[in-house]
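Okay, so chain A shows up in both of these, paired with chain B first and chain C after.
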Partner chain A sequence: MSEYAVEIDHLTYRVKRAFTLEDLCLRIPAGSIYGFLGPNGSGKTTTIRLVLGLLRPAAGAISVLGHAIPAEAPRALKRIGYVPEAPHLDPTLSVSEAIWFHSRFYPSWDAAWAERLREAFELDPVRPFGRLSKGQKGKLMMLLALAQRPDLLVLDEPTDGLDPVVRRDMLGALLDYVAQHEATVFISSHLIHELERICDWVGVMDGGRLVADVGMERFKTGMKRLRVAHGPHDTAALPFRVLTRSPDNGSGTESWLVRDWAPEMASALAAAGGDLQQVIDLDLEEGFVELLRSFRGPAREPAHV
Partner chain B sequence: MFEKLDPRSPTPLYAQIAERLRTAIVTRELTPAEALPSVRQLAATLRVNPATVVQAYRELEAEGFVEMRQGMGTYVREVSPGQRGAERERQATELVRRMLADAARLGLSVRDVTAAFERELGEQVR
Partner chain C sequence: MYRAILFQQWRWTRLVVVLGTLAAFAVPLFSLRGAAAVMDHGTAAGFLGDLQSWGIAYPTLAGALGVLMAVTLWAPDHRGRHVYALALPVPRWRYVTLRYLAGLTLLAAPAAGLALGAFLASATVSLPPGLHPYPLALSCRFALAVLVAFTLFFSISAGTARTAGVILGLAATLVVAQILLSAAGTDADILMPVLNGVLSPPGPFAVFTGRWMLVDV
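Take a look at the complex of A and B:
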């Protein structure tokens, strides 16, 4: 098996002239839980649909579980569980019919587990899909994706807009499966704190580009805000990267947003004449917001994270 | 045991989980030969990545607090008095460091802190 469950190389996609993915390269390590972040309209869902072979790229190559997409999409899709942003099933189909219907498509279907999940999720077998609550629909889609025992799970905002109890049930089932099966998970969400708990890798999209792609621990330990006095004008030689710098109000110090920071680098900053006054930790959400701001800011430096 | 797990903290989740278990082992909340929850169970309960739980268990194994038996699960090991003493000392040091760091942030001098400390100790003795 390849080192990567998903490999995207120099992918370009255009919708008329309005929206584009431009030269997108993205790798999802096999066995990882990859969190896909980005503001609305940044290209997350488009990327996901391209990965599933539902859209045709203008240029570039996509490989999923070793299959070329879209050419070999049918073979890849047998091994992919997909939870779409908006569940779409025939509203007249009952829960048990939907489960039966789905099971026909997947040779790896686990009927016993599907039944256990249905009970755990408290889904009434005779209730039609159209009369399920939003949370019940979400749980049914998660059940359908998991019971096919996929090697890759693609989840497009699976729990956004659902209540905490439903989210807990759905994520619990997902993690239970991952622990047994070592599947790869590709999950997009706006619920950053939820991703922060479960992901070991994060990719951040903005304006059709991947602006960050980094291991969670490195993202969290390396992204800091520094308060610096007498900071050197030229920061290129420092062992960490300065993404943005701005003066603090009236105090004569500057705020630096940096990545790849480690505590022992304070001496390198001191040697360059800088006086480090404070190191401020950022959680994933703050790091994400700061990163987008730095990437969009007027005086930006390209953030090759 | 895991109520205050904080995914937003700069301390990685695996280290937080390991720390909770270490404390439980040293204080005998978990007793020798007791089984830890399976990776699968704990990951689903805490809603964390199974790899995070594995990493925590590996760290505890490397430190000699638990034993991972292939395909059988993870078990608490007998902790020697020396090991327990060392762990308690480490925790006490951590506590003091955190307190001093907080004090520095509040602009308190070591003397302020020591005075408050002695006052509080006096209260407790009485």
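Take a look at the complex of A and C:
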């Protein structure tokens, strides 16, 4: 079995002239929780739909759990739990009917666990799906995805717009499942702090391109803001990457946004003539914003790790 | 899977199915009893004439049932942009086939209702000499008409809005072209050959045309 649950190679997808995914390459390690970040319209949902075989790529190859997509999508989908961006269940079905309907399509369905989750999520079995609150709909979608006992969970902004209590319940159930079954999770969200807590790998999309694909720890520890005096003009020879540099107001120093930073690299900067005055930690959200800002800057360049 | 799809479609179409079944059951009964009442005061020709006036009800009901069922079956999927259906671990052809078969199963109820009404009406009304009831033939023809209407509109509804637009656009183009030709004073008739081809045997809608009679000579 492949060490990757999802492998995307040189994927291209176009929606008329409005939007394109160009030459996307992405690997999701098996057993990882992969956070998929990006601003609205960056291509996260499109990528997820391509991974599930809901859309057909113009070029490139996708493999999910060893199955070629979209050719073998039905076989792959038996092992995938999917929570879409907007819940699309039949609004006329009650909670118990929706669960029964969904279970008919999954041989691995765990009815007992589905019932336990329904009780834990406090979902009224006779209430129609169309009359559930947003949080209840989200819980039901998560229940359906988990009770089929998937090897891969694909979650497209599953907790966006939900209150903290509901988010905690849903993510708690997700993490319990992952801990027990070593499943892979591919989750997109705008809630960066939430992803920071649960993910061990992160990918960042912008404008249909993957601008970062890196382990969470490396992303968090490698992204720094440096305050540098007498910084060398040419930074290409440095062992870390300078994403942006801008002068600090009146202090004679520069503020550098860097990635792949490690403390021992200070000596390399000193050897190049730079005087490192301060190293400022960035959390994931700051790193994410700065990364996008640098990627969208005039000196746009590929930033794959 | 079939049971699940059938249950779901029943939830969506039960009003169409129940009302359609009642109407299909009632039309032969009302038509024959109405014609029999006329005959009490008139002739066998009057009987047939009155019965014939009900003839339009059968193809109309068959067409309406087929169209309503087909459109209702796909409406929820269209509303959800097919995301839920496409994410199910079922090949697309199989999902469509299941929906089609479940639709046919539900349409069996009005077809059976009409057969029941036709046989019941035939058994309870005494006919003038020389006239014979054809409940089986009428029931089979009604079922075939429902099948044709459902199949055609199911195919169109299952496709994209673009596909439906192309089909409607072609039909509209044909009508507009005929109007322009007529306005130009030419004798060219492009509409009638098409209509004849569709509505006359072996055209797909031939089953809807002609006389629909429960009782005939």
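As a working rule, the second predicted complex is superposed on the first by the 300 of 305 C-alpha atoms of A that agree within 3 Å, B and C clash if a C-alpha of one lies under 4 Å from a C-alpha of the other, contacts with A are read in each partner's own complex, and residues count from 1 in each chain.
Everything that follows uses one rule, which is that contacts are C-beta pairs under 8 Å (C-beta built on N, C-alpha and C of every residue); 3 or more make two chains touch, one makes a residue touch a chain.
Quick caveat, the model's predicted, so the values are computed rather than measured.
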item	value
Partner chain(s) touched by A:Thr92 [first = chain B, second = chain C, both, neither]	second
Contacts of A:Leu175 with chain B and chain C, given as first, second, both or neither	first
Contacts of A:Arg104 with chain B and chain C, given as first, second, both or neither	second
Which superposed partner A:Glu196 touches (first chain B, second chain C, both, neither)	first
In the complex with chain B, residue positions of chain A that touch it	31, 33, 168, 171-173, 175-176, 178-180, 193-194, 196-200, 217, 220-221, 281, 283-285
Residues of chain C that touch chain A when the two form their complex	1, 3-4, 7-8, 11-12, 76, 80-81, 83-84, 86-91
Residue ranges of chain A touching chain C (in the complex, touch as defined)	49, 52-54, 74-78, 80, 82, 84, 86, 88-93, 97, 100-101, 104-106
Complex interface listing, chain B residues touching chain A	7-10, 12-13, 39-40, 43-52
